[in-house]
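Note that chain A is present in both complexes that follow, paired respectively with chain B and with chain C.
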Partner chain A sequence: MAYSDKVVEHYNHPRNVGSLDKKDPSVGTGLVGAPECGDVMKLQVKINPQTQVIEEAKFKTFGCGSAIASSSLATEWVKGKTVEEALSIKNTDIVRELSLPPVKIHCSVLAEDAIKAAINDWKSKQAAGVPAAEPTTAAAKQ
Partner chain B sequence: MNVTQTAAGTSCWSCNAATGGGHFCAACGKIQPLPRDANYFQFFGLPRKLVIEGSALEAKFHQLSWKLHPDNFVRAAEAERQLSLERSSQLNDAYRVLRDPVACVEYLLGLEGMRKEGAAKQQAPPELLEEVFELNESLDELRGARQSADQVEINTLRPRLQEAQKNFEGKLREVDADLAGAARDWDAAVDRGTNGNASNAERGKLLARMNDILNRRSYIRNLVSSVEQELAE
Partner chain C sequence: MAVKLPIYLDNHATTPCDPRVVQAMLPYFTEVFGNAASRNHAFGWQAEEGVENARAAIAKLIGATPKEIIFTSGATESNNLAIKGVAEMYREKGNHIITEATEHKAVLDTCKRLEKYGYEVTYLPVQKDGRIDLDDLRKAITPKTILISIMYANNEIGVIQPVSEIGAIAREKGVFFHTDGVQAAGKIPVDVQKDNIDMISLTAHKMYGPKGVGALYVRRRNPRVQLSAILDGGGHERGMRSGTLNVTGIVGFGKASEICMNEMPVESARLMKLRDRLKDNILSQLDEVYINGSMTHRLPHNMNMSFAFVEGESMLMGINDIAVSSGSACTSATLEPSYVLKALGVGEDLAHTSIRFGIGRFNTEEEIDYVTGRVVETVVRLRELSPLYEMAKEGMDLSKMQWNTH
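Take a look at the complex of A and B:
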């Protein structure tokens, strides 16, 4: 499989590898998998609750080069963005940026899913943490 | 005439008789191009069922590969030689898939439009992902310990991974048994259905169930092979 230069670059120098404290209420964790190949990806974001800006992002991916590059790129992209902006990132943006071939589309889907899952996790933590007037279902999950 | 380009499966390219989509024309015996919508099941003259008896399949495979073999066509027209090459390679592909129960389910799901690249899909159960991820991390640690020749660390990690390996091999057997069960249910539904087709709702449900099992299986399979590889070193 010939990888594009950008994939190789991210693969050799992945940005933001690592993890954040899962228990920190300002951290959201997304753990997702690609059933096509059985690869897994964890992406975490640290969000400022006041500004809704993603201040920190980390990932760890056990998968192919495209998945590693996609998640590396995803962490770069979400940093400094607001939650809403980050949620609008599409896997097709990643495909375009990294010139992924059709058989590698699912690797980029993994990264999009991971961003969404991480933000959703953070949202449900927020909902649970704020003593809400009406109890939310998210609170029950914690 | 380019034989492989004809709207195949209707009438014979040579004598015009109806072929019924078979490998050879019933009237003149000439080798035929594969119908455009042909699938591996049809190739072997089988219904779209999943429990396939191995020895009968093998016998049919040998019989067909003998009949379609390019050696039989050395003196035939160029177009027929070409068809024989094509059909022989398709035969090998078809056989490889049909004789492997997992590949066969995957193939069926593909035919039914269930396994498109990048399509929206269901996530695996979170506990499974969690477990797979953690084990991958341990594998990483083992790799790291090896690199730094940290024998103490290696000695604590190895038995833990061996334990996990056993556990996941057990899971793989379970998932394979699930898949075999679903395959039998699919076949039963096909048998019950009119014209050999299960009712749509039932079909959909069974396909989704098999898709789900295959998804779970790919994580387990992937992990089992990484663990095997790592522990073998």
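Take a look at the complex of A and C:
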């Protein structure tokens, strides 16, 4: 199968690879997919609680080139966006941007799910009343 | 040192034609173009001579006599002819066929079709090393069994079945034994007499011959195997396979067999050395790499490894200057990971990370070392990218996690 230039570009130079501290209350973590299905994406966002802006995004992906490209693109797109804006990203946007063929559409679905899962994780942390301050600062105050 | 890219390391899929094979074929396109079935002029006789020489060379490669070689279009047709041919011819005797879970689709799907027509098929499981359990085979045989079809060597994992033992059991029980010998013939010694093989499917393009030509060995005595033909027509090939012979292809097939026969001892030792060099150098540089299938009963030129936490298709993309194949679902038409690896009990997670290396006559040590380097650097890079590798390194048991599967 031939890959689009954009998929190859993201595969060769993935953006925002890495991990954020999942215990940090301002970080939301989304882990979607399953090893036996051949795709697992971990996408993390660090959100400013005041502005609701995603200040940082990181990913790691086990999957084909299209899955890596979809999640790489997703981190690029959510950075600097508000939570609401990020939630409006549709898998079809990713399909279009990366020119994914029909058999690879599930990669884009997984990327959309990963964004939503990460933001939901952050939201549930907020709802649980975890203080938004830096844990290190909180520790210092005690 | 500079190696020429891309490197072809997918010799289980097909092999390039040996230039000596091409040379042997060339006159048969133009000067010696006759129909081998034309009995009344020199054009036909010359073509027939080319065919008969090839038939003899192929027979010699497997310890058969020339008359027992039936030319076909390839191994898919040979497998179909052997299984359907026996099934129809011996319908009165029985309707039971025994085969194996890791067969090629040309055998499995042929058997599935026969099931629709009222035949019963037993698909023997394989053990962890990829070989069948001979006790399973013995137990599966019933008075209704007319055919055992078990491949000689597997196309994905290169595992060699206990062919000699299977042949002995088949003979003792009075059941025909067919084997798909595509990956084995020309690579390791095959002897239809010693191993009591009644039919063996062959193809030229896996042994440095041209595509589009194959053969089925059909035993003529002790016991004589009769087949119902699939194609009706001029009654070529002792009535078993009608159709004008692909003379050019057959001549190439014969030359390819002759070369394999002469060079096998040296070639197989060389390829095994290259294979082991590849394996050992990869294993010494990477952790969490698993070999799929038996190392003891294995084709000398095959390696199949799972690189845990690195999905196969992304791996192929990373080593895109090397031609190999993967058992990953993403590389198959069905979106299912390799059924062969599943049959061995390899978990689907690891099946997705498998890579098959098929080393061939024209590969060099420099190429193998280049491939090793590219594989290692790509696995390291993709593991940096893999959440699973990170989780495993943190000590999480991935098999116990709850995954939200789609």
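Everything that follows uses one rule, which is that the second predicted complex is superposed on the first by the 125 of 142 C-alpha atoms of A that agree within 3 Å, B and C clash if a C-alpha of one lies under 4 Å from a C-alpha of the other, contacts with A are read in each partner's own complex, and residues count from 1 in each chain.
Keep in mind that, in the parts below, contacts are C-beta pairs under 8 Å (C-beta built on N, C-alpha and C of every residue); 3 or more make two chains touch, one makes a residue touch a chain.
Computed from a prediction, not measured in an experiment: that's the story for all the values here.
On the superposed chain A, the positions of chain B and chain C overlap enough to count as a clash.
Of the two partner chains placed by superposition, only chain B is touched by A:P102; chain C is not. Between chain B and chain C, the partner in contact with more residues of chain A is C. In the superposition on chain A, contact is made by A:L110 with chain C only, not with chain B.
In the superposition on chain A, A:F62 makes contact with both chain B and chain C. Of the two partner chains, both chain B and chain C are touched by A:D39.
Of the two partner chains, chain C is the only one that A:Y3 touches; chain B does not reach it.
In the superposition on chain A, A:V53 makes contact with neither chain B nor chain C.
Contacts of A:V17 after superposition: chain C is touched, whereas chain B is not reached.
Of the two partner chains placed by superposition, chain B and chain C are both touched by A:L31. The contact surfaces that chain B and chain C form on chain A in the two complexes overlap at residues 31-33, 35-40, 42, 60, 62, 103, 106, 109.
The touching residues of chain A, when paired with chain C in their complex, are 3, 8, 11, 14, 17, 19, 31-42, 60-65, 67-68, 103, 106, 109-110. On the chain B side of its complex with chain A, the touching residues are 115, 117-118, 121-124, 126, 129-130, 132-133, 136-137, 140, 214-216, 218-223, 226. Of all residues in chain A, those touching chain B in their complex are 31-33, 35-40, 42, 60, 62, 91, 102-103, 105-106, 108-109, 113. Of all residues in chain C, only 309-314, 317-318, 328-330, 335, 337, 347-349, 352, 384-390, 398, 403-406 touch chain A in the complex they form.
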